[in-house]
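Look at the two complexes coming up: chain A is in both, with chain B in one and chain C in the other.
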Partner chain A sequence: MIGEEEEEDARIPISQRPEWADVRPVPQDDGPNPVVPIAYTDEFSETMDYFRAVYLADERSPRALQLTKEAIFLNSGNYTVWQFRRLILEALNADLCAELNFVNQIARENSKNYQIWHHRRWVAEKLGSEVASKELEFTKEIFSQDAKNYHAWSHRQWVLQALGGWEDELAFCDELLEDDIFNNSAWNQRYFVVTRSPLLGGLDAMRDSEVAYAVKAILAKPENESPWRYLRGLYKNDIKSLVNDPRVASVCLDVLTDKRNLVHALNMLLDLLCNDYQPSNEMKDAVDGVAPESNPPGTNLVERVCSVLIMVDPIRANYWEWRKSTVCVQD
Partner chain B sequence: MGELKVEKHVEYILTVEKKKDDFESVVMEHLRLNGAYWGLTTLDILGKLEAVDKEEVVSWIMQCQHESGGFGGNIGHDAHVLYTLSAIQVLALFDKIDVLDVEKVANYIASLQNEDGSFSGDIWGEIDTRFSYIAICSLALLHHLDKINVERAVEYIVSCKNLDGGFGCTPGAESHAGQIFCCVGALAITGSLHHVDKDLLGWWLCERQVKSGGLNGRPEKLPDVCYSWWVLSSLIMIDRVHWIDKGKLVNFILDCQDKQNGGISDRPDDAVDVFHTYFGVAGLSLLEYPGLKAIDPAYALPVDVINRIFIGK
Partner chain C sequence: MADMRATKSQEEQWMVQNQVFRIYDLVYRLPPHAQSVNFELRRENHIEYLTKSLKQLGPSFSVLDANRPWLCYWIMHSIALLGDCVDDELENDTIDFLQRCQDPNGGYGGGPGQMPHLATTYAAINTLITVGGHRSLSSINRKKLYAFLLRMKDSSGGFRMHDGGEVDVRACYTAISVASVLNILDERLIQNVGDYIVSCQTYEGGIAGEPGSEAHGGYTFCGLAAMVLINEVNRLDLPGLINWLVFRQGVECGFQGRTNKLVDGCYSFWQGGVAAIVQRLHLMVNEQLGLPNTFKYDCKTESDDDSSNSDGESYSEGASSPLNDICEPIQEGQSNASPPTESNNIGYNFIKGPIGMRPIFNSMALQQYILLCSQEEAGFRDKPGKRRDHYHTCYVLSGLSVCHYSNTKEADSPPLPGHVMGPYSNLLEPVHPLYNIVLDRYHDAYKFFARS
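Up next, the complex of A and B:
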């Protein structure tokens, strides 16, 4: 566990530190035959024994604060230590900007730890909108290591809604998607911004440019699940609206003509066909171009689309069979 | 075709505590109650719960209870709903829920509901649909859903529904299989599954299956055995489990076993842990792997335990 610079020097056992001479440490009570008994290192044991002492005495002092820091470095998942630290911070009216810096140290090594993120939110909430950009910057750093970190995204959404900072958010999504067009978290965030940002016009105002954006992403990587879902989301899953936007059928046609990475395009085509989309001859030819030759004569377009899906996505054969059984018949 | 090494896994769970100076064990201290739930439920599914001393476990659990009525992750820890649910679940395994002051525990949980129907995890106020599930599951097991505003709770969960049919931790958050399990489970328990677009969500869930047969939790992420539970139980609750390739998933889970030392890991050849061992075995139970006790997908407890609680002995 990485600690601060002091820890690079030999650690002085707490029992040998003069400022702790008046405290009797309290050992872990696992009961006589612990259910899931755990072996401890000496350093861990000693630190937690002293923590238990101050916790039980409810001592909210500077030395207790320092002790919680040591305990956290040893085990950042211990939520009781974090909570007691918050009580001490409040009692001492401590410098919360410094606290954010402490969390920085811990968070980078433990970016999936619920306690750290919750603590960070507690601190940021107290500091208010002045730390909005700092918090956004912090999540950005985490994303540079793991662009899909669920905690970081949750924190970022909270920051935007509670503290502000929407100005560059759409551009930020652009950046991340440029790095990795498959980043589903970034697509989700894009939807979040488009629908909730007080600075943009809302979904209706943004729809046109966002459809263009999604289409471009699809053409780049047709096997990418995210922009297909995003496209549906822009029209709130109302397939008839998707039928009415010629760009949707058009992108399906482009993908089918290319004959590669067909699944999502065929799936979308299937939905369109069931909602009064009238396929062009070009579209019918494109389907024929990828359909198995084994298709019996007289099968309609919908059935042909389904048989291709079963062929190219066999792991979901049951799903495509079900789609086949429930779609309306059209030619 | 692999097979489930039942004896090895039982041994693994029973002897996991004997590892000396194991850093992983040390950092699990504060969530030992969760660990007990994962380990003991696995033993029960494997038909080996009697290998554990019931009285000792119950006695230790009760020492984890806080004066607020909630449970901490271990003796001397603060109360949180995460550990409260595990406590109730483990007591349920042993048919010992009656040792609880049910009113007290139920009141603790109910006190954490917020105005908008959401639930906090504890007095510090973190909100997450995980806690909605925990509260609803706990109170249902205690026969005290009447203590919360169920309608509001459902409303909040529905507000976390996304256009892909999935659910996130808070409104607008990305759909994630773990959060989906929590939301669908909570809706199932409260009889509110009509809020779920089962075809749309079923499609999103079956898209989690990757070529290796394993399941991921979000698009373009790696498969992980724990999603064998989150995704699978969700699919079962919305009656769409036939949309995945079950055989391939069984093989994936079996490949994640450590056949020498027991235990199951997140994906093949990684280190094992109790968490993934539980989810792997529970997933296999949902897939009706032979020789395993059936597990309830909403309550995450063996079906006979649930029947005992809701139908009687």
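Up next, the complex of A and C:
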């Protein structure tokens, strides 16, 4: 181990490497009085000076490839270096599996950078469907550290669509949601699978079982916004069917009757009521059961729902006031 | 039972929530004078932090070496929001530096000699407009920039960030925003970009970076602002977007970026900006809700309290078309220029008229989070426990400005003291919410580019 560290410390300046003797470094053209000047380390300046030299000369050589690697280790956000690296990889017909390993290394250090993921997508696309499972495995590894990593989720969706590997995706969502039912990224992925997987028959085929899944999650944790939005999403562009599915009104009723964590249930009920849902007496009673006394049972149910929300959800009082006012006009 | 065990999301949420509540509790227990100090915007400190950074940054900033125009924008825009500006020399140095980032074939890179990139182009243009003046605005090669934007147009209708770069909603916004503000937006640039953005609105109501991804505050701002600028915002499900948006403000009083994620100061603008834009889309929202286009839910001031209905319902005269507020022809006398093409008026007309709708978010709560939890001795941060940076300073201040003006009837009319948390001297400059540029700088640029 000590030997390895020493090796890293003993970086030989590029200017002293024989293979670079013929190259003249190009300093950054910052001008006499640059703003936001960065006090670069010598290593950073030198590496970038040599990078500029090969970039300007458009030198697509093995040594240039090696240099881009050094530059990326110093700043993985430099998209110019990444783009030039892709040109070199193409020109040299380089081994792209090795490239994937290189990206692994960078991504583990900094997984929240656009360039790494864009590069990875480029490499994986060239390698084709044979790396699909490897790519899915890689994102899974990222999720074990950060289950909501936005770039990793985008990459995973791209892999599924471009390279395949849908077989176990719904089970993967199950697994993540079982681990953390509040993980909205996993809910979003579930929606993605249910609506787009070529193996599941699409939303129409899946809706029934998914409604049941969402309802179960809601009843377990009514304060969890994710399954409520998911449930609503299952009837996207088909609000009539949302209103006509008795399980939707029923889950609202169950939560309201429990008198705790009312906000999402009332939000859903409001949606139903604004779309010609005819409330049962039971539902009316449940709303009355949580309504403030200042709002006598005689008034319009939508107004009463809004009044409850203004009271129990004060951070959104402005919004509920607005919703209330729009209902008054419609009637 | 698995149910009894807190999940990772819950644990993290409770930790942050408790930390935030502890801060509020501490401050509200202080005697009045000591308490009021906590609500003061530490203006001088912020300006000093920002100005120093403009002059020198340490080696750790090497990771932002491909984002230097962003650093310029975050700093200059923050200083402008604070009602200040840097001295002439620094302004000239900024223009000169960005000139070195400008590519001979159009667009701006992350530093001198780097490839042009849409995001750094947006940052550079917004910086130059914030600096203002003839030298600054005329340093932009608009003809070449237009060619760069066209080169970045993807067959999907979206834009790619740079040659060989990624296509996403951020790229669409930055391309459309600079084209609009520079008066070079045309049909070729607009073509099909709306299709791409519409395909990114998710089942939750917010907008994602790519089709299929998760609804996200940053992309929702970008997508909504771009759709307004190309005059296609009615293609989005606005009531759904609004419902998603208002639920992003949580018990901590600040905004989160996505459902069940943690509060973060920078979403004060990304989400707050969406709220500010929505307040001017009332006619479109009414139309989608099937309401008469005479329905009004506008800001009440003390003087007209008695003239409007107690339940917030009143009727306006004259509003006949849902597109009225953003498609009016340019007013005479605003500039002696020939009127620019229609798509380039949108940003101007958007900000011109009265604000049609009261705020739908909780402005005072957000101001409290910003002042007590995001503000450091100098600079702003994501949340307690995180370190300040220029990005968060910029977007927290932008969000604070949005709060200050969220109850005004016109974009630049001074808010009532009751709408500014803390002393009235906390008041910031207003911004144009579609571009996030301080309003008077925007107007100067609008006049400049309408002429040429």
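Details
Please note the rule applied: the second predicted complex is superposed on the first by the 314 of 331 C-alpha atoms of A that agree within 3 Å, B and C clash if a C-alpha of one lies under 4 Å from a C-alpha of the other, contacts with A are read in each partner's own complex, and residues count from 1 in each chain.
Criterion: a contact is a pair of C-beta atoms (placed from the backbone, for glycine too) under 8 Å apart; a residue touches a chain by one contact, two chains touch by 3 or more.
No experiment lies behind these values; they were computed from the predicted model shown.
After superposition on chain A, the partners chain B and chain C are seen to clash. After overlaying the two complexes on the shared chain, residue contacts for A:325 are found with chain C alone; chain B is out of touch.
Applying the stated contact rule after C-alpha superposition, one finds that A:316 touches each of chain B and chain C. By the touch criterion stated above, A:12 is placed in contact with neither chain B nor chain C.
Of the two partner chains placed around the shared chain by superposition, chain C is the only one that A:147 touches, whereas chain B remains out of contact. Using the contact criterion defined above for the overlaid structures, shared-chain residue A:83 touches chain B and also reaches chain C.
Once the two complexes are overlaid on the shared chain, A:171 sits clear of chain B and of chain C alike. In the superposed model, A:179 lies in contact with chain C only, and not with chain B. The residues of chain A shared by its contacts with chain B and with chain C are 28-31, 33-41, 44, 48, 52, 55-56, 75, 77-80, 83, 86, 114, 118, 121, 148, 150, 153-154, 157-158, 182-185, 188, 191-192, 196, 224-226, 229, 232-233, 236, 315-319, 322. Interface of chain C with chain A (complex): residues 2-3, 7-10, 13, 53-59, 61-68, 71-72, 75, 89-90, 93-94, 96-97, 100, 109-115, 117, 161-166, 202-205, 209-210, 212-216, 242-244, 246-247, 249-251, 253, 258-261, 289-292, 295, 297, 311-313, 357-362, 365. Residues of chain A that touch chain B in their complex: 28-41, 44, 48, 52, 55-56, 75, 77-80, 83, 86, 114, 118, 121-122, 148, 150, 153-154, 157-158, 182-185, 188-189, 191-192, 195-196, 224-226, 229, 232-233, 236-237, 315-319, 322. Across the interface of their complex, chain C is touched by residues 26, 28-31, 33-41, 44, 48, 52, 55-56, 74-80, 83, 86, 114, 117-118, 121, 147-148, 150, 153-154, 157-158, 161, 178-185, 187-188, 191-192, 196, 220-221, 224-226, 229-230, 232-234, 236, 267, 315-319, 321-322, 324-326, 328-330 of chain A.
Residue ranges on chain B touching chain A, taken from their complex, read 16-17, 19-23, 25-32, 35-36, 39, 52-53, 56-57, 59-60, 63, 72-73, 75-78, 80, 122, 124, 126, 162-164, 168-170, 172-176, 200, 202-203, 206-207, 209, 211, 213, 218-221, 242-245, 248.
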